[in-house]
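Structures for review follow.
Look at the two complexes coming up: subunit A is in both, with subunit B in one and subunit C in the other.
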Partner chain A sequence: MEVRIEDLVKRFGDVVAVNHVNATFESGKLIALLGPSGCGKSTMLNMLSGILPVSEGRIYFDDQDVTSLSPDKREVGLVFQNYALYPHMTVLQNICFPLKIKRIPKKERIERAKEYARMVHIDDYLDRLPKELSGGQQQRVAIARALVKEPKLLLLDEPLSNLDAKLRVEMREEIRRIQRESGVTTVFVTHDQEEATSISDYIMLMKLGVMQQFAATRNLYNDPANLFVADFIGNPTINQLHGIYEEGSIRADGFAKAIPIGNYKIEDGTRIVFASRPESVLVSKKSGETEMEVEETYISGKDTLCVLNAGDGFLRAYVDNEDAPEEKTAVRVSFRKKGVFVFSEESGERYYE
Partner chain B sequence: MNNEKKHRHPIRYDPDEKFEISILWKILLFLGPFMAGILLFTIYPFINAFLMSFKENYSILRDTFSGWGLGNYRKVLNDPIFVSGLKTTVKYVVIVVPISLALSIVIAVLLNNAKRFKAILQTAYFMPLVTSTAAISLVFRFIFANEGGLVNKIITTLGQSQINFLGTNKWSEIVLYIFGIWNILPFTIILLLAGLQNIDPQYYTAARADGAKTFDIFTNITVPLLSPTIALVAIVNSISAFKIFDYVFQLYNKPGPGYNLYTIIYYIYEKFGGTKPQYGYAAAASIVLFFIIAVFTLLQRVLQRKTDY
Partner chain C sequence: MKNTSDKLKDFFQYLTLFTGAAIMFLPFFWMINSSFKTEKELLSFQSFFPKELLFDNFRQAWEMGDFLKYFGNSVFVTVVCVALTMFVTILAAYGFSKLRFPGRDLIFTVLVSMMMIPYEMLMLTNYETIRHLHLFGKIWSLIVPFTSSIFYTYILRNFFLSVPDSLYQSARIDGASDWQYLWEVMVPMAKPSLVTIALLDAITCWNSFMWTMLMSSGNRNIRTLPFGLTAFTSEAGVHYNLWMAGATIVVIPMIILFLFCRKSIITGVSRGGLKG
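Moving on, here comes the complex of A and B:
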């Protein structure tokens, strides 16, 4: 089912938690609502579920306006951050509960619950109580309970934040698998960019209630709309040099030489931020446009991370271990076309070539 | 070593060191008064009553008895007055405890969901607990009085004939039940409220999202999650209801207008005092009541373990 959000606003008193957001979630896709805490992503999810009323704007499920419908009428499946499994019910009873409320006959109820228990691989634990399960297993039960209603939309609120690191990686792949298998449009909230980029088809990145960018996951990395997006997505974080644009170069603060960055539609003298992904910084001993000093080197696996002195700022770059330069030596630096962006220092807006 | 000694907790047991006498004194000083009270007013009387129940023809003034035996028990259990007292008591427990519990659950849930005046309402329900039952019983007597009683005024205004609430067997029993329920409510509601506030509101959100309506949530979520508290309250109330005596006495100054509200404690009270005291019977009846209450206490333990999520 397709979800369409039109001009969505949520206010809590004077605080605008979600500020005029527009988006369309394609049917059958896995969408991540991503952003730092307080960005309005959970508020957004709660408005999609119907737990929170909207202040302004409309929400459509396909062509149906669901803005004023209660959660159960919207046919959404919800997975809470701490799972909210009913502690007095067994796994089977938990999964059956939404069907019991719908007064579906007991036999059919159990059959359907078992089917979804199998899908989430929890069918060996049907008679256990939630407290007898591990965090990952509880998570599976919560997903099965949300899916058993055969919802049009599955909503997960920080589904992985209560799990330990190893389980988190395992469960996020499980969520991906279960989503593919059930084919249900799924929206999940996370503050972890790695979590979002590793499993989702689309990411909506938010900051202070404002949608920064909504795009296919790969595009968010390769084609960020503004400095915030470029900075938030990617690990290690993108290199940022502040300075003045001048005829296809940047005069980085505190750096003697102009660094060529290519021609952009910017007036000379404008203050800009030149951002480059570490893998787009090419370091060589001989050829390259700009000379920089290697400040520090760290070996990380097959690569060496070089920190290059660029005046007030610095650049991080990866070099093969064999080609790694010595610390405190000069190297030549140039940039790839891909993974290099220029932003306005004032607004963070992106400049294009 | 020196340093370690300085920081050691003074009471921690160390097998290499002699337990310091001064600490023992301190412990005794703090625990002593309490232990003395328990020994003197609970444990000693209990043992004494237990022994007394097996002494035949016991006289408390002369401290003489004719021999050991089960005669008191045989006599008490075959005494129609005791049996009817037991019946009256059990009937009181069976009526008052479930009704007060059901009422309390409903009131507690409503209070817990109250949006406005929550604090005022919760305090209002707490009031009877801090008011003396003797005062409340007086008010009850006024309310149910024949001439000028509030209830009778309402009844006669509605064109019905006046009812003798306090003077007839049938109605005096009902007034006692109302009085018992009324007195038990505040304590029960307070405990249930505490239990309700321990329930994570997320379960309600989850249930609502699953399509559950208010009644579904009450029966499927609230009551089961409240069951540990419900079990506790039910048992504690049953135990205190088995000991019913003061309410009857305060309302009627005797075991009901026609001796119809004669309870086990009344039996014990009368056998112990009165013109021809039979201490052995009183002791035996106490021990019988003790075992009834002991069974309920054990039941509570089992129930609480079962409902521990």
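Moving on, here comes the complex of A and C:
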């Protein structure tokens, strides 16, 4: 089912939690609502589920306007951050509950519940109580319970935040698999960019209630709309040099030489932020446009991370271990075309070539 | 290994507990002990334990007093009272904890503050209410005033408040109405609290005396055991051994109930931090 959000606004008193958001979620896709805490992503999710009434704007499921529909009529499944399993019911009873409410006959109810329990690999624990399960198992139960009524939209609120690191990686792949298998349009909330980029088809990145960018996951990394997006996505974080734009170069603060960055539609003398992904910084002993000093080096796996002195700021770059320069020596640096962006220092908006 | 001061501490702790238990137990023991004695033996203080167990006292007391009828009335009043109280308490506690309506907390505060009004004052208004309902001298007069309890509502509300809202939202998304959520999720979860409340209420109803006396003085057919026992003491004449036998008959059902539900009473009381 396609989800369309039109000019959505949510206010809590004077605070605008969600500010005029427009987006369309394609049917059958996995969409991440991403952003730092307090950005309005959970508020968005709760408006989609119907738990929170909207202040302005409309929500459509396919062509149906569901803005004022109560949660029980929206045919959505929701997995809460704390899973919200009914503590007095066994796993099977928990999964059966939505069907019981729908007055589906007991035999069919149990059959369907077992089918979904198998899908989320929890079918060995059907007679256990939630408190007898681990966090990951509880979450599987919560997902099965959300899916068993065959919702048109599955919503997951910070589904992995209560799990330990190893289980988190395992469960996010599980979520991906389950979503593929069931084919249900899924929206999940997270503050972890790695989590979002690793499994989702699309990411909506939010900040203070305002949608920063809504794009296919790869595009968000390769083509950020503004400095916030470029900074939020990517690990390690993108390099940022502040300085003045001058004839295809940046005069970085505290750095003697101008660094060529290519021609952008910017007036000379404008303060800019020159952002480059660490893998887009090319370090060589001989060829390269700018000379910089290697401040520190760290070996991480097959690569060496070099920290290069660039005046007030610095650049991180990856070099093959064999080619790694010595600390406190000079190297020559140039940039790839890809993974290099220029933003306005004042507004964070992106400048194009 | 425990050192001497620990042992001494243990000794005094157990001594205190033993003394308390003895003080609690002695009247019961005296009642049951006396109920097996002949009247002469009881009054002459010749023996601590009865010379022979005189079960005949029970037969006589049972036949003289109308205990079977009293017992039936007590069971009826207690069962209906507890059932109605539970129903009203559950609904009220849910309303005051999870539903939103204007003045909710104010109304609840007023209700809680009413717990300070002495029971004897309420008897006057209850008397008037029963008179206007034309229930005077009918068994329902023993039930109607006790179908709700602010105290139990307060306890249950506190439990309901501790249930996270995400369960409610989850149930709503699963398609449940407030009514279904209450009975399918909240009530089963609150089972320990509910059992405690039901037991406390059952004991209160079973032992209710003042009101029963007021209502049933004119109609002996609606007497319950406690007042029936009092009436029996005047009707049977001064026969202490029979009185004690009658009293034993009256407390036995409650003792049985307590023995069966002891565990849930104790866990409930310690969990809710309430006293009976």
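Keep in mind that, in the parts below, the second predicted complex is superposed on the first by the 353 of 353 C-alpha atoms of A that agree within 3 Å, B and C clash if a C-alpha of one lies under 4 Å from a C-alpha of the other, contacts with A are read in each partner's own complex, and residues count from 1 in each chain.
Heads up, the rule we're going with is that a residue touches a chain if its C-beta (ideal position, glycine included) is under 8 Å from a C-beta of that chain, and two chains touch if they have at least 3 such contacts.
Computed from a predicted model, the values in this text were never measured in an experiment.
Engineer: Report clash or fit for the pair subunit B and subunit C bound to subunit A in the combined superposed model.
Structural biologist: clash
Engineer: Contacts for A:T24 in the overlay, against subunit B (first) and subunit C (second): which applies, first, second, both or neither?
Structural biologist: neither
Engineer: Between subunit B (first) and subunit C (second), which, if any, makes contact with A:Y86: first, second, both or neither?
Structural biologist: A:Y86: touches subunit B and subunit C.
Engineer: Using the superposition on chain A described above, determine whether A:T329 touches subunit B (first), subunit C (second), both, or neither.
Structural biologist: It touches nothing on subunit B or subunit C.
Engineer: Which holds for A:S284: it touches subunit B only (first), subunit C only (second), both, or neither?
Structural biologist: A:S284 contacts neither subunit B nor subunit C.
Engineer: According to the stated criteria, A:K131 is in contact with first (subunit B), second (subunit C), both, or neither; which is it?
Structural biologist: A:K131 contacts subunit B only, not subunit C.
Engineer: Mind sorting out which residues of subunit A both subunit B and subunit C touch, each in its own complex?
Structural biologist: Residues common to the subunit A contacts of subunit C and of subunit B are 49-51, 70-72, 76, 78, 80, 82, 84, 86-89, 97-98, 100-102, 145, 149, listed in rising order.
Engineer: Please name which positions on subunit C make contact with subunit A in the complex.
Structural biologist: Spelled out, the residues of subunit C in touch with subunit A are 164, 166-167, 169-177, 180, 184-185, 188-189, 191.
Engineer: Within the complex, which stretch of subunit A touches subunit B?
Structural biologist: 49-51, 70-72, 76, 78, 80, 82, 84, 86-89, 97-98, 100-102, 129, 131, 145, 149
Engineer: Going by the contact rule at the top, pick out the subunit B residues touching subunit A in the complex.
Structural biologist: Counting only subunit B, the residues touching subunit A are 200, 202-203, 205-212, 216, 220-221, 224-225, 227, 307, 309.
Engineer: Within their complex, state which residues of subunit A touch subunit C.
Structural biologist: Against subunit C, subunit A makes touches at 49-51, 70-72, 74, 76-78, 80-82, 84, 86-89, 97-98, 100-102, 145, 149.
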